[in-house]
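Structures follow.
Shared chain: chain A. Partners: chain B in the first complex, chain C in the second.
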Partner chain A sequence: MNPTPNLFVGIAQVVANLVLFLALAPLFDGIVRRVMARVQSRKGPPLAQSFYDVLKLLGKENIDSTGILPFRLAPLVAFASMLCVIAILPVAGHATALTPYADTISLVYLLTLGGVAVLLGAFASKNIYALIGASREMTTMIMVEPILFMILLLGVLKTGSLDLTAVIYGTPSAEFGWPGIVMIVVSLFALQAFVARQPFDMAEAEQELLGGPFIEYSGPNYALFKYYMMLKQMFYAYLPIAMFVPLLKSGYFVLDLLLQVVLTALVFLLIGLLSATHPRYRIDQAIRYFATLFVIALAAIGAAVIF
Partner chain B sequence: MRKELEAKLIARLRDDVVCVEKTDARTIFVDVKRAGIREAAKIIHGAGARYLCSVGYDNIARDGTLGMIHTFALDDCNQFVCCRTTAPVGDPVIESITPDLPSAGWSEREVTDLLGLRFAGHPKPKKLVLADDWPDGIYPLRKDVPHDLVPKGAEDVAYELDEAPPGTKIVPVGPFHPSLHEPEHFAVYVDGETIKGCDYRGFMTHRGIEKLCQTQVSYNEVPFIAERICGICGSVHATAFSQAVESAAGLVIPRRAEFIRTLMLEIERIHSNLLWLGVAGHLIGFDTVFMQAWRVREQIMWLCERLTGNRKTYGMILVGGVRRDITPEIAEDIRNVVNKIEEELMVIHRAIEKDTSIHKRTKGVGTITREQALDWSLVGPVARARGIDIDARRDHPYAAYDEVKFEVPVLDSCDVWATLVIRVIETFEAIKIIRQCLDKMPGGEIFVEMKDKIPALRHAITVVEAPRGESVHYVITGEENRPERWRVRAPTFPNLQAVPLMLLDEQFADFPIVMGSIDPCFSCTDRVAVVDLQTGKSSSISKAELDAMSRKQQQRA
Partner chain C sequence: MDFNIYNGLMTGVLLLVASAVVVPLFATHRKLAGTLNFLACLAAALIFTGVACQVLIGTGAPATFDLHLGGLVMPLMIDGFSAVFMALISLMATVTAFYCIGYMEMDHYRHYSLRSFFFCYPVFVAGMIGIVTVDDLTTGFTIAWQMMTLASFFLIRFDYKDETIVRNANKYLLLMELAWAAVLAAGLMVPGCGWGASLHQIAENLGVVDTGLRTLLLALAMLGFGMKAGMFPLGQLWLPDAHSVAPSPISAMLSGVMIKTGVYGMLRTLFWMTPDSMPAHELQYWGLVTAFVGVVTLFIGTAQAVKQVDAKRLHAYSSIGQIGYIIMAIGCARYYLGHEAGLQALALLALFGALCHTLNHAVFKGLLFLCTGSVQYTTGTKDLDKLGGLFGLMPVTAVIAGIAAIAVSGVPAFSGFTSKWAIVGAALLPGKAAGIFVIFGVIALVTSAMTLATYVKFYGMTFTSVGVEWNEKNDIHEVSTAMLLPKLVLAAVCLVQGLFPFLFVALFGRVLATSAGSITQVLGTPEMLSSLAQSYAGVTLRLGDAPVAFSLPLVMIAMLAVAMLFALWLRKAGGAEERTAPVWLCGYQTLNNANRYLSSHIFDAFKKFMKWTGGNVRGA
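Moving on to the complex of A and B:
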């Protein structure tokens, strides 16, 4: 696709992307909490509760339990890498000023960097619970990141380009064919793993690991991690919508955006329902589940190459 | 049974047997010299008796000895065997029975801590009950130690954990951990995610209830203290104590009171099992089960508030009867509430029954074989999930259980899932029992006063089936209108000892639910009170405000 002609619009787009994600991610998290509460016959917190949580944490003291640099840097790296992902993301088909400088590979890199930062912080905190949590997180990443990559790879194969706008929005849904349908199913089944919620929240597993990788974090550092998790969650909820739901092409950008946001909200409704109706799996059970998804995704890619 | 047992004992031990006597229809006392105690325990166990617990007592003032009693139950003929021996206080050593009966391990360690009686050949003679910094040589349950003694703590002492198997890391679980609801400490030895062993250091909140009741209060007050041993199965302890005293005094209580006791015990069972179901859901990360089970449970607490004035810790049981009568209106109320609970629990039951993801987390988890469960004398749903068909309500009927019909569910899949199913079925059975109680309850008095003084130094043992297994109470009557010795063995006491075995080679992620599957009640085991969060809150508001709030809540309910 063509790089954005107007630099000024492009930069405005970067800022708009960031504002959109930073503003909506906690609200979407609020939707999950409300849905879960309703399934559990509770009233649930206000929609903006996750905002309040982050704000409260920002006002608290940072306890640096280890005194080493990686421990302090990890939340910053995780948060920054997620912001970069959002900055290069062509939301609703409109490339930002930064999109031309990135491609699908760098998107996957940046997402992985966020995950690695979480691991780094966990290992640096030298807590046995964090270590167990980190090892679970690592296993999950190794199994789940390839599935993400294969979802994007389908777009790459169809358009023959690594450019983000092309990969995510370039293919009309009909042209995906049945491998596309298989991939939609895979991305829905992997959704809970992508957003680290029940049944795949074993890395944090409150009842066993008391928050796992984040156990030693507090105050603003923990707020950054929380925000990072919410942004990541929104990205993963948005991705299948962006990939597989065609744009309206009505000429009005806002209309496209609105539709996609509403659909993303629906994905969060689904996340909430799934979280509320599942216990947490053990890591060995999760691995078996991911392996099945991995094979199915691989088969879909194979089919897309052959046919 | 007494004659057979006597013959067997005399054939093997000859002169070591002092006497074998039967004091009432169901208790056989065997007195042996201390040289024969291990052999005697072996013979009694070999005769098909199930080990319950051991009781130590101080007899120094009378004949300069420390006493030890190993208690057993014969479940198929409703009898108890108490095997007594003594050791002079100058040489307080008797042979340990733990090598033959592993679940005696804690009982013996407790006696060593509290009375200074030592056990030769005990495989793990570590401190169990007393704090690590408790000074040597002071044995709190001895009569010469005052109940309020606060000795100066020993310095530089710490509990030494068992050695970890090679190649494992130690994960500390507790004293504060979300999967434990009371302070206890487990050191879990893990290899990767697999549990290779664990050591337990509990009794962190030992409050000395037994000592208190042996020195400060009278028989009539003990049931209320007994009720505070546990925040969940309080009536069980109050009933068990009252029955032990009634049995020692030969007091027969009115039939109506027995029915009301049965009713309260079953209401308590419904409450406890719903509470457990919720906690179990929470422990496997399934909070919807947690919230729904507790929503259903809430109704029983409102009911109890109307019934007894309290959501929990009912204060209904007295020595000689019960405190409040069940009026026809209250009976109707109970019927309505249990109908509603039955209906709502059925919905939850159906949802859980077919939920494959719950199966994944509970089936085949925490397995131990029937033989291991027998060796460790497991009790309650934990034993019944391992194919052991015991239930004190049926095997040793008390209160009005001889007149009501109920099923005792027994499963043999030996895992956490089986304990879950058993608890749900038992809740339905409890509802059945409540309906029968209301139908069959005779009229008449609910309380009979104790007129004669209870003779001193009578021994009595009773068991009561708590929701988590049978509670054993052993009472030796005293001279000053209070027990000389009162021993409480909560169901968690034997069950907790087998948890390391259940955990072996399981995943660390299964720790909470395996631990939870025994429905651990650490407070019963430690004999301390659980602070009810609902009443704990009241400390910051005035009594008048609290009264107003309570009244408002009454009206709402």
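Moving on to the complex of A and C:
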């Protein structure tokens, strides 16, 4: 095969991934907002409201309370790290031009980098609320990131490779066996924590911490953080779908993709329902909850290794 | 050729000894003495590095000699591994010696004579060089170990007017002598080997003794070196106490290079002292035990580091954690070596990770201690509860510390990343062939999130957030160029290590080519080495045809840079105006000392959850 057209397709795929995520993430966020409103007997905003929010924020005043570099750098790093994650993600089974340059461990660390940027911004902002939020955010990250990793690890164990395409799509769902089923359950139970929604939104906790890490941010900086959060949310909702729901294999990329997008939208419906019906956990309760999930996931990995 | 290596080594050591005799005479002229000490270290370091290069590039290695000293005979051996450690010790010793010139001017040390300091420093360096070049566990080992231990003991208790410091130093001395006794006993108890028996002889004789005795002897050696390296639970006994009370440049040496001599000893024990006739399952058992101890060490060490409020104790506990990664990698390599070809390629990856992390950790941890030293120099405290907001006051140190903190956390494209990638990857990839290692890998990954938490806290509470303006001292400023320069050098090295891991692959290839022993026979073959493919962009591990794991920092950094440009454009796109405003605390509070978040408050729930791991700080 001639490598040049492949490279071209790969680059097109990177752009397509970015466009897909940048366009859909605010709409998916809109689904959650609408579902929450309906459950609370409100009408709710239009689906594109989150999009309007970001656009409006981009034009508003950018207030800097600290005057130091980390504060201004943090939103850029957070947003950029998430874009990188999306650029390397093999959406609907198609590797992008960048997928061969980052393996699963790189993906996990890139996700962590986004979290680090949020924390950096929070610490830089001198605000006690931001620091409390950062403390909770970091605690959640320590507990939740390994669970995400263990979901991916199932694929690593089956294929013996850390290549992302192989890890996510290399194994037919049936072959995961019952460790796979356990992992699906675990990923459902961890979903709200992955997307930082109630009952696991301790870090932002609008009612008590007024947005936590983001309290000092406004205007375009805040818009970048908001966009980052929405992209991250979409990534985490998309990942279990990609991992555990078999591809349609219709032969048409668009059709495969469409199915995945529809399923992701369903996940967001679930996220909305769960958010609207659950009160927030305290951080110490959340830690115990995550620890239980962690042990279950580890047991599933253990079983996958032994049997 | 051999003659040059030997002569170089001797010249370097003699130069250091001469410096130890001469420089203390000038100790009253503090800056002059510091400069002389630095020049001696620099000269010796250049010689040692020259020797190391010669070993790695030439064909004369492994070079073995007998050193006659009075009536004593001690075997020396310099191979690729020794060369790497020698180069590392040289680099850190020189940079730290330069830093000492400025640091020992600190107000607190004004009334302390520097005579003992400048006597001990070169002896300490010479002792470490000795440890990585002697080839026995008895005569030469004793001399080198005692030089290293006694000199570092006096360096740690430099601030002898403080009772706690003296007590911690005494404890350090006691435990290091115990470690020495353990290794010496292992060396002497081998049947047919007396004083001055080389490792090769020891390995041969260990081949004929029965399993019980062999296990005992190897365990004694591992315990001794493990004590030095900071292996759980031995490391917790001395490491945080000793590292936190020594003057900061000495802490940088202790954490950066001295504990690496323990790693060196463990490598030698597991790969050179194990006879060829040893049954494969026994070797695998050793690998498994070592990897298990490594996992416990890395998890507990890091969990304890998260809790610390004293910046230097935090670094010290984190050193235990990072050493845990290295020990785990060594254990994995030992285990995989006995297996079929697929796992042997992973042994290569694990060993590569161990070596890489040894070098990376030395640089970034040294850098962190030097940065904390600078903070202590200018603010007079290393208590994270009292610090905060130094970014605006000491920006250069803050940026350098940022690089080091990011590196230790393993953020992609910085130096901790590739080494942790190699170690975790090596643990995960065997799958069912070595299932328990997969669990180890998961725990290592959990721990790297805790490392991140530790360093987010350290960096956040020292350089960003607020607090230092309410500290006792109010003329806080950036440290002098003389103290910034060594940190800048190390920061540059740290960045290069992160961005160009292919250099490590090339180095690792040479190390294997210039060493003897079971490792080289299995791993040193060209076919095996080719599974660890290198390109300028990074490192790729191939099993069969397909690449199964890759770490490509240059691509990663390019990707991030492009994405950040896009983010920057997006931020500007709306034409928003910039304005500064005071911190908003809900309108009825002002920012003051009573109204800020302290380091001891942070991660409170998590610290309580991890209480069982020990190392708790009272009130935090």
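Everything that follows uses one rule, which is that the second predicted complex is superposed on the first by the 302 of 307 C-alpha atoms of A that agree within 3 Å, B and C clash if a C-alpha of one lies under 4 Å from a C-alpha of the other, contacts with A are read in each partner's own complex, and residues count from 1 in each chain.
Note that in this section contacts are C-beta pairs under 8 Å (C-beta built on N, C-alpha and C of every residue); 3 or more make two chains touch, one makes a residue touch a chain.
Note that this is a predicted model, so its numbers are computed, not measured.
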Partner chain in contact with A:302 - chain B first, chain C second, else both or neither: second
Which superposed partner A:198 touches (first chain B, second chain C, both, neither): first
Touched partner set for A:41, first chain B, second chain C, both or neither: first
Partner chain(s) touched by A:128 [first = chain B, second = chain C, both, neither]: both
Which of chain B and chain C A:206 touches, first, second, both or neither: first
Which of chain B and chain C A:49 touches, first, second, both or neither: neither
First, second, both or neither for A:149, with chain B first and chain C second: second
Greater chain A contact set [chain C / chain B]: C
Touched partner set for A:278, first chain B, second chain C, both or neither: first
Contacts on chain A seen with chain B and repeated with chain C across the two complexes: 128-129, 132, 135, 210, 282-284
Of all residues in chain B, those that touch chain A in their complex: 169-172, 177-179, 190, 192-193, 281-292, 295, 357-358, 360-361, 507-512
Footprint of chain B on chain A - complex, ascending: 36, 39-42, 128-129, 132, 135, 198-199, 201-202, 205-208, 210, 276-285
Residue numbers on chain A that touch chain C, as the complex places them: 55, 57-71, 75-77, 79-81, 83-84, 87-88, 98, 100-103, 105-106, 108-110, 112-113, 116, 119-120, 123-129, 131-132, 134-136, 138-139, 141-142, 145-146, 149-150, 153, 156-157, 160-163, 210, 215-216, 219-221, 223-224, 282-284, 287-288, 291, 294, 298, 301-302, 305-306
Of all residues in chain C, those that touch chain A in their complex: 389, 391-392, 395, 402, 406, 409-412, 417, 421, 424-425, 428-429, 431-432, 435-436, 438-439, 442, 445-446, 449-450, 452-453, 456-457, 459-461, 464-466, 537, 543, 546-552, 555-556, 559-560, 563-564, 566-568, 570-586, 591, 595-597, 601-606, 608-609
